[in-house]
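Written out below as structure tokens is the structure these notes cover.
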Amino acid sequence: MNELARVVEALLFLSAEPVSLDRLADACESSEAEVIESLARLREHYAEGYRGVVLREVAGGFTLATDPVAEKAARRLLSRPRTPPLTPAQAECLAIVAYLQPVSRPEVARVRGVSSESAVGTLLERGLIEESGRSRFGAVLYRTTELFQKLFGLEALDALPDVSGFDPSPDEESRLRERLLKAGEARAQV
Amino acid sequence: MSMPAPLELEMDLEVFQGPFDLLLTLVLREEVDLLEVQLADVVLAYIDHLERAGELDLEAATEFLVLIAALLELKSRLMLPGEQGEREGPEPGEAADELLARMLEYSRYKSAAAYLRSRLEQEGGFRYRAAPLPPPLRRVSVDLAEPVYDPALLGEAIGSLLRTPPRLELEHIARPQVSIEQRLSHLRSLLGRRSSFVFDEAVKGADRLTEAVTLFALLELYKAGEAEWEQPEAFGKITVRACGPSARAVEG
Amino acid sequence: MNELARVVEALLFLSAEPVSLDRLADACESSEAEVIESLARLREHYAEGYRGVVLREVAGGFTLATDPVAEKAARRLLSRPRTPPLTPAQAECLAIVAYLQPVSRPEVARVRGVSSESAVGTLLERGLIEESGRSRFGAVLYRTTELFQKLFGLEALDALPDVSGFDPSPDEESRLRERLLKAGEARAQV
């Protein structure tokens, strides 16, 4: 494979969308004829039936895609919920959403005493929480999902563990939400 | 002995990553004699720089002062005449060791940082694919989900979030409630009763702040022509006397 | 290329994250030994210097990446640099977190001798570090992420060079010490 073919291969690999001939030629600072020749070489490499990835020409240009041979394995790898251990930040955010839902992101941050963008983002991405409308101030509200219940083995939301078992001062009378917010404000000042 | 020429502090503080960086450079500069460095200039310039950079917080400033204090102490020890056996506290060698240890620690991470930067640059040519999954693979299947997480994790997280952090001990800097007005009326009532008194009586049992405010109130009375005082010797008794209309009324 | 190698290739192509050996074996319903053999075949195909795409082992898993030969063209096509470089302050904070993790922001500031709020914030935003619990005083602790390992081409965290290698040499150290004491000696000779 010559250098131009290598570069074209890399560009097709990186691009999520099909890339047209003229955009390839522009990026490679080569003529379209040269790119066409490189694509022919690549096509030999990516001949269908020999590789896990194939070169396709579709409307709008060229693209690399996986061969159907890998479909089942891909489903096993990627469609199964990802369940790496939760980081402490993620566990805190998830617990806040689970017990206070629906709850907004600023509230989560107030309870934790620290900005919680990335942890909340990861929980959304993994499908453990989802949006559930907006607060009267326009902030997005979050609640837990069905997947959350399955992954925690909870039959219903009211099957969450009783907080009083973990509460450092179980005699406190005010509501959980107020107490969490108060503790969070104190934490933010440390 | 000729005076050493004042050292020009030609340093662009913008380029330093922090006080250690600055000190390392300062100490390692061949042409700089540590004795000649006006550390006060360094302190002022650096604090100034932090302030301009919008980075001046208490933590940073305190840290820098601690550092400079260590250097100052070292410097003052170096400047002491070389008498033996009369010094208290750490020997200059020890003071230097303390400072040296922290500079070395910093210098380790400064080099590690340089390594990371160059490594990132070397890696710059490797790009990873970040394309969304083909649509059929996008939906996570809830049916395939099995219980893997312990619900107690959530209870524990809430329990720890309910814990209020230990309160900072602020009592020693809590401001006693004392105002000029209070102390003014206190002094006026003393003067009203006796026409003269000793200042110590006016602040008997009071804390230092109250003492200071009372003294300030006294100055106010003097300015208004209501009182004058006398202190025959330094650190002696201060006798306060009423003057003006109210004093005459009492005398009369 | 046999079918297993083709499937492994497709999985690495699809997955946004490096995939560990055991996850590959699970998805392919094969033994780890078989997957290792397939990876060896793939490595031949993707030998560095011959293709536009290379097989890399980073962050505890396997992944495909473009060869640096394509970097200029990729920048033109995607019109964005891969990763913006780190400022010296960010690099210092990252080095401290990488070697001392888990570590709190006040500790980072102590080592640097300067408040490190904005640099740490940027590293968090860029996903190079993440929270990892709290110290006993409630301060958030930080550690590096998988993305850090990926972007720095590290197979694992312990692939970082030994930190003592960054210490000044004994010569430099004694020079520093000498400089600190030099003025005092000069004084004693007066």
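All chains are identified by letter, namely A, B and C, in their written order; residue positions are counted from 1 within each chain.
Assume a residue touches a chain if its C-beta (ideal position, glycine included) is under 8 Å from a C-beta of that chain, and two chains touch if they have at least 3 such contacts.
All figures in this text were calculated on a predicted structure; none of them were measured in a lab.
Student: Could you name the chain whose Cα mean is nearest to the mean of all protein Cα atoms here?
Tutor: Located nearest the centre of all protein C-alpha atoms is chain C.
Student: Which chain lies the greatest distance away from subunit C when centres are computed from Cα atoms alone?
Tutor: The most remote chain is B.
Student: Determine the centre-to-centre distance between subunit A and subunit C, using the mean Cα coordinates as centres, and give it in whole Å.
Tutor: Roughly 21 Å, centre to centre.
Student: For subunit B and subunit C, let me know how many angstrom lie between their CA-based centres, rounded off.
Tutor: 36
Student: How many Å are there between the centre of subunit A and the centre of subunit B, using C-alpha atoms for each centre?
Tutor: For subunit A versus subunit B, the centre distance works out to 43 Å.
Student: Mind pulling the subunit C residues that touch 2 or more other chains?
Tutor: Counting only residues that touch two or more other chains, subunit C contributes 13-14, 64, 66-67, 69-70, 74, 134, 137-138.
Student: Can you pull out the residues of subunit B that are in contact with at least two other chains?
Tutor: 127, 129-131, 133-134, 137, 160, 165
Student: For the complex, which residues does subunit C have touching subunit B?
Tutor: Subunit C residues touching subunit B: 13-14, 16, 54, 56, 63-71, 74, 81-83, 85-86, 88-89, 91-92, 94-96, 98-99, 106, 109-115, 117-118, 134, 137-138, 150-153, 161, 163-164, 166-168, 173, 175-177, 179-184, 186-188, 190.
Student: For subunit C, which residues count as touching subunit A in their complex?
Tutor: Residues 1, 3, 5-11, 13-15, 19, 23-24, 26-29, 50-53, 64, 66-67, 69-70, 73-74, 76-78, 124, 127, 130-134, 137-140 of subunit C touch subunit A in their complex.
Student: Considering only the defined contacts, which subunit B positions touch subunit C in the complex?
Tutor: 1, 17-20, 24, 27-28, 33-35, 50, 55, 57, 59-60, 63-64, 67, 74-75, 77-79, 81-82, 92-93, 96-97, 99-100, 102-117, 119-131, 133-134, 137, 160, 165-166
Student: Considering only the defined contacts, which subunit B positions touch subunit A in the complex?
Tutor: Contacts found on subunit B: 127, 129-134, 136-137, 139-142, 144-165, 168.
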